Each structure stands twice: as structure tokens, then as C-alpha cells.
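Step one of this worksheet: look at the structure below.
For reference, chains read A, B, C and D in written order, and residue numbers begin at 1 within each chain.
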């Protein structure tokens, strides 16, 4: 059966003379003229970010690039020990830990905030208004026995140092929008509702900031993964020099206790 | 058995008050002050790049971010169709195609050039010297029936548009070093040796430029993967809107011919 | 800080003389004495299956091993084209499509049936009782606008040929338990509730059969993945001979239409 | 452009009424009639194995299913901790460690033996002949400073318990072929050449046995991966109950030492 095939895309194509990317000529219009973070934003959002948006966006990527010996870093390192000839496998193994428990918080927080905002006719115009909206949202989550994403951190029990810095930078760039405002309000009102004071964590504030940049909430996890890809390359570069993954493996193996 | 454990790392750690990354305070010293590409370089190289190095490095990442419907993009898209709830899996599936045939050329070219340079006591000081070195290297590869990585491209048969642009930018930034010089010389001398004229491809020139930045050749593939991670997010964002991966799957499935 | 570490496991450990697996001596007690499917069951369930259980279990694995050019097969093949030196990457890329839309149905169906059964004090003793339970469950799902997992198939619109065979084999082995009974009843009662007649699909009946074997519903997807691993190896072995993945890639690439 | 597409495959296809697999009707001819290991062999080899071949093949899969807390098991477990909703990601992360250092030995040994055998006009007819061939092969490897794959094991320093059992079973089934004979001869002759006595390891003997079954040496790693998929499911089932991966992560994290 002869058929007409057509696979339309606005990302990129190439022919003998030109590589097109996002409606631009890659070599003539993009190389040397657009930063890598700027391009990543453009690829997902379908529009070029402003310099202010790029600054906030790259700040988020920097904030999420690494968080020490997380499961993602451990998985990448032991996989590299086992298959050093396939760097792509070690990187992929690390990224596969980017799920609900660790990197997923960024997306969960962005989605939670976006859903609350989708339910109001008009966004509040002052802190009292934000606090009222946050109080309703946290109360509802509590009653549904759901966590509020972005609240609490196993290590930073009082304050996550990333949170105020990202809010300040977004403010400097005129991008402290409704998702961040709502997130901040949650930080103010939740103690009275939940009976304890939790920090607004870094992953959550990053989700709020990304949502304020107009990026699709269903893909926020993708930016956490992109940021972590850079962090994992750092771990793998160090692994190549120091062989820590082998130490991790040996430590686990020699302390195995057989309990059938 | 009680044992003293120690897992040393210079990448990152955190405690209740601070997140350290690369010897810096993440929140105070890095967020808003370092770009994402700059951080990625720093993570792998262990040193902060200069602005010139950052420009060349980001140009490479931009050049490698996408190349249309490659196997990596197809794998990511059909995996997203099948498991849209796990974006990390679709991204990982795409990156797993970053092996010898496609993204690997960047690393292969960087390594080839580095090995040739490692064999000379002193780098040439003029084009004639570079041409002599390139002639020896290409001749040796031909006699060993090995390909010269970075030569030739299935689509860009005459010139890869990325190549002259990256060389120009490296030159503008004072970073047109020995790997690029040797690669350019290979472009000049190979027709006489191989009996046909091939373009210097974009992946190869990127490998040469990254090697000139002092990045470890064993990890050059990692930068191609990082760049491609951004491109794949673009494909997945588009997939979410247009469902092309489903069309690819259906096209293949309905044209299956059973030939036991 | 010196610390006592202990990583208890009942899967396997080894010392200089012996490899233990599941409380057995691997070389003396298992090799040549236990089949591979039998071992897979044992590993997950923590108990050795009976011969009848093994027959039903292996029938499920055979049923799920392949379903033609699914996204999983396409992803594995194009990844192999791109990185043939890393077979593990091609296999992993294929398995990453084992999510909610394709392979996940097995687990979803098992879980749905298990949840319905968990809500009744006593399982029905005759078809009329099963039909009543099924009617309640399908009605509730319809009212909640949820799909009933295991109903319907894009290709097998009238009957999935795997379904009656698996039910017959389970019956022969005395393992046609409550999950299968409920699933069959759903097949009988759903037309009157949903207004159209859908087949009980193969993935669903496999989920029901696995649940009747007492396997944990949260891990049923794992068996679909194990089965598919074998199917993917078949695709990769064929890919190695025929290069179909390259054809798929070229077909997509040459029919790309740039629509910025 | 209208085009005729054809994607030929001998693995499987399906239409409304039938699922074909390997030239058979899946439901009528395979389900309940072929074991899972048997099917995996058939999928890769393109022919149904004999009962003797199936027994040796499944013995190999059983032998390779698990080897305790290897990097593959650790990667799978910590990934599951991080993304428990995506079991396919945890399994894939584990399999990605199936590279040159751990699971790859099976394939490396099979290939090494096959290459030695490919260089002889006629296989030896007695132990003296095998020893001569093995002596030449080990001597050549030593002179080229290459390892002989399958020799030596970090834990089983004197004897790998899997090795004699697999040789015995292959012998019982009349499948102790040239690859196993050569491997055994390497076990006899290498001490005189290498100056120390190493055990023939389990991964190596499995590679020899698979090669004697006529399976393609380029895909032997695939069987190690299939076997390990079952072992990893066992680890993940245990992880679900005991949360060991979280303990591994915490152990590494709390013993991090920052050394910028």
C-alpha cells in the first residue's frame, strides 16, 4: 500500500545545506548567539525567553543540578563502575531516579500551585488575599490527607537556603508571579493549619518559579532532569578519577547479611 | 563489624544550613551568578571556565542539541507514548541512543585528535606543519582501515554548516587550539589520501573544540548527551502537543510484513 | 564515625565457596533443578511455585513476550542502531516503554480486581454471585468515569485470542481463582452497563491470572517487563540480521515536514 | 511523496483474530505448550531448542540470575526508592550496569572462545589437542597483554561453584561442545603460562555453554541481561518489603566527606 507520510515537527530538520532549529538557521542564527539554558527554555516553551526569564530559568537549573549523594548520583556511579564504556547508560540510570520521591517535587509543586490558581476567578492583589487562598488550599489538602508539595525537607529542617535566593532573583527580574506568591503564602499560613512549621524547600520554589515563567507544568520534571544531567556528569567525572562507586558497591556487598 | 566509612567528594554535600557545590555556597555564590552551561563545564572540569571558554562551550551545546528525527528523538517519543507518566524514562530512552554511531562521534573525534597530538614532541607552528601531521595521521588510519572520526556526513555531503561557525567563534575567543588546527588540517589533506572529499562534520568539530577547552576526552560524549537532553525535552514537549510518536508507531505497525 | 553496618537480604549472597540464592545453594540445589520461569516466580513471591503454578505462570510470560512492532520494540531497535555496542542500553530503552499505556494494563487489571475483591467479606460461590459483584464494580467505575482495565483492545476488537486459552489452562491446573472469575464476569456483564461489547484483553487476563497465583499486585508490571525482555531480545537478534531499525529511522526522517 | 512501506519481521505480528509469533499461532501453538526459557531461546536463535538444549539454557539463566549486592542490584534498588511508581525505570537502571565489567564477561568469554575456534581447521579430538590449542590461545593473549575472559573471580578465588555443575549438566545432555572443551583446557593449562592458578568463573562457563548451544556470540550479553532481569525483580520485591535501598542511600549520604 503506497501512502503519503508526513511527520510534522517544529523542533528541527536538516537538509544538505542547512540545519533548522525552532524556525532559525542553527549555524547562522543560534550558534554563538543563544545560550544553552536559553535554548533549552525555547525548545520546551516554543518561544525565546527574555534575558530576565533566562536569568531566573538558569538560576533554577543551577539550584537543581546537584544535591550530593542522592539515589540518582549513586545509581549513576555504580552503573559507571559496571559499564564504564557506556557513559550514556550511567547517565540514564541516574536520571531514572528522577521520579516522585526526589526530583518529582519540582513538578508536583508547580502543578499543585497551578491547580489552586486555576480555581480562582482573579488572583489576589495583596498578601492578605494570598494568605486566604493559601489557607484554603492547605486546609483542603490536609482534609484530603494529601501532602502539600514543596513543604519540608529531610536535611534543611528550618530553612532551605535556595528558597529566599530564588525568590529574590525572581523579584529582581520582575518575575515573582502568582505561583511564587502563593507558595510564599503557603509558607506563612501552614503552621497554623498543620500544627508545625516546615520550610519551603528548594525543589518546590523551583517548581513555582518555572510555572511563573509560563512553562507547562506537565514538563517541569524535565527541567529538573536536565539540571541533574549536568550534576550527574560532574559525579561521573569525579568517579572516573576517584572510583567512589566501587567503594559504595564494596561497602554494601561486604556488609550483606543473609537472612533467608 | 564496626567500620569507619568515608565517601569523599568535591561535587556537593549539604547540611541543615548550607548546600555546598564545587567548593562554593550554592545559594550565596552560585545561584544567579553562574550560568547553567558555565556550571556544567565547572562540574566536569573542576574549574570555572572563563567567559570566552563559556561562549565556545555553550556554542557546542547549542550545536549538538538536536538534529531532527534521529534515533534518539524517535526512541524518546515512542517511549513517551507508551509511558507518559514517567518523563524520566522517555528522556533516558532517548539518551541511550547516544552511542558509537550517532552522538559518539564527538568523543571519538576528540580522542583521535588527542592521541595524534600526544604522539608529537611539539605542536606545529604553521599550516604546513599541521598539514604534515594530519597527512601522517590520516595515512596511518587508512592503512589500519580505520575511519577518521569527524569526516563525512550522511546529509551534509559537501559542508556541515556548523563547522565554519564553530571554528570562527573559537578563533574570536582565542580558543582555536591544537585540536581544532589539526582537525582543519585533516579537512585540507584528506582528499589526496582518501581519494574523495568529505566534509568536516559538526559532531567532529565539536569534539575538537571541547578538547581544546581542556575537557577530558573520555567524557566528551557526556556533553553531547547533556546537549541532547535539552533537544529531547523539546521533542517531548512537542510530542505532548501533537502525538507524533503515536503516528510513528502506527506507521510501523500497519506496514509490518510477517516473514517467518 | 565507626558504625555497624548490616544490609540484610534473603535474595542472594556469596562467599568464597558458595553462592546462596533464596535459602538454597545455587550450584547444588538450583542449577539444573529449577526452571528459569520457576526461579523468577520464586524470586518475587519468596516461595517455590508448584508445577501447576509454574505452568500458568510461564503461560503468562509466553503470552506477554511480544506483540509485534509496539513502541517498546521500536525504541529498542532504533537505540540498537544508534549504539550497537551497548546491548543493555537497547534493552533498557525498550523496557522503559513498559508504562501505563502498554504493558501497564497487566498490573492495572490485577490491581482493579484485587481492590474489588478486598471490598467483599466473602467471595461469591456461583456465576450469579460473580455477575452481581462485577456489575457493581463496572457500574462504579463508569460512574467515576474510570476505565475498567483489561477491557478492549485496538487490534483484537472482538476477541483477544489469548484470553480463552489462559483461562482454560488455569482451569486445567486448578488455578482459576477469584481474580479470573471476576474478570470473566466483567466480560459477561459489561455490555449491559457500558452499552457496547468489548473483549477481555490478553494483558488483563494475564494480570488476573498472576493475581490468582498470589503474586503481589504492585509488582505485576515486573512480570510483563520480564516477558517483554525476552521478546525484545528477539527483536534485537533480528535487528542485527536485517537492520529494520535503520529503515524505521530513515522513513521518519525523510518524511519530516518542518512546520515552525 | 507516496511510498510503499514494508517492515518485514519474523518475530511477531497480530491482526484482529490472531497473534503470530515465530511462525506459530501464539494462543493455539505456544501458550501452555512452550516454556518461557524455551521461548527466549527460540526468539533469539530462530529455532526451537531441543529439551536438552532447553535444560542447559535454563541452567545458564538460573546461574546468572543473581550474584548478591552487585552494582546492578544497588542501582535498581536506589532507583526504586527514588521513583517507586515506575518499576520499569528501576529495572532498566539495574540492567544498564550489564556492561564490560560485570555481566559482559559471559559474552566476552563466548567471543574469545569462538574466535580461537574460528582459527582452526579442525577441532581437537582429545584432551592433548585441546590443551595445545588452549596453550596457544592463552600464550597469545598474554603476549598481547590481554586478559583471558572467564578466568578469575574476586570472591571465588579457588573455584566458582557454578562451573563444574554447568559442565556436568552440559555433559549429561550431550552438549559439552568445543567452546566448553576449550574453556576447560584453558583451566588446565593457564597456570603454567600465567604463573598463577585462577578459577574458571561462572560467567565465563555460561558464555562457553551458550556458544556451544549455537547462540550468536554478539548477543550472549542479552541472556545475561534476561537472567538478571529476574534477579532484579527479586531485589525489587524485597526492596518493597524492607527498604534496603533507602538504607544504602542514607549510609552513603551520611558518610560523605566534602573535599573540594
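Methods note: a contact is a pair of C-beta atoms (placed from the backbone, for glycine too) under 8 Å apart; a residue touches a chain by one contact, two chains touch by 3 or more.
Computed from a predicted structure; not experimentally measured.
Participant: Compared with chain A, which chain's mean CA position is the farthest off?
Facilitator: The most remote chain is D.
Participant: Between B-D and C-D, which chain pair is linked by the larger number of C-beta contacts?
Facilitator: Top pair by contacting C-beta pairs is C-D.
Participant: If you average the CA atoms of chain C and of chain D, how far apart do the two points sit, in angstrom?
Facilitator: From the centre of chain C to the centre of chain D is 23 Å.
Participant: Distance-wise, how many Å sit between the C-alpha centres of chain B and chain C, to the nearest whole number?
Facilitator: Using C-alpha averages as centres, the distance is 38 Å.
Participant: When the C-alpha atoms of chain B and chain D are each averaged to a single point, how far apart are the two points in Å?
Facilitator: Result: the chain centres lie 32 Å from each other.
Participant: At least two other chains touched by the same residue of chain C: list those residues.
Facilitator: Within chain C, the residues that touch at least two other chains are 1, 5, 7-10, 13, 22, 68-69, 83, 85-86, 88-89, 92-93, 96-99, 103, 248, 251-252, 255-256.
Participant: Help me check something: in the complex, which residues belonging to chain C touch chain A?
Facilitator: Chain C reaches chain A through residues 5-10, 13, 20, 22-23, 83, 85-86, 88-89, 92, 96, 251-252, 255-260.
Participant: With touch defined as at the start, can you tell me which chain D residues reach chain A in the complex?
Facilitator: 1-5, 68-72, 74-75, 78-79, 81-86, 89-90, 92-93, 96-104, 245, 248-249, 251-253, 256
Participant: Quick check on the complex: what are the chain D residues that touch chain C?
Facilitator: That would be residues 1, 5, 7-19, 21-22, 25-28, 30-32, 34-37, 39-40, 43-46, 55, 58-59, 61-63, 65-69, 73, 86-89, 91-93, 95-99, 103, 155-159, 161-162, 164-166, 169, 202, 216, 218-219, 221-223, 225-227, 229-231, 233-238, 240, 242, 244, 247-248, 251, 255 of chain D.
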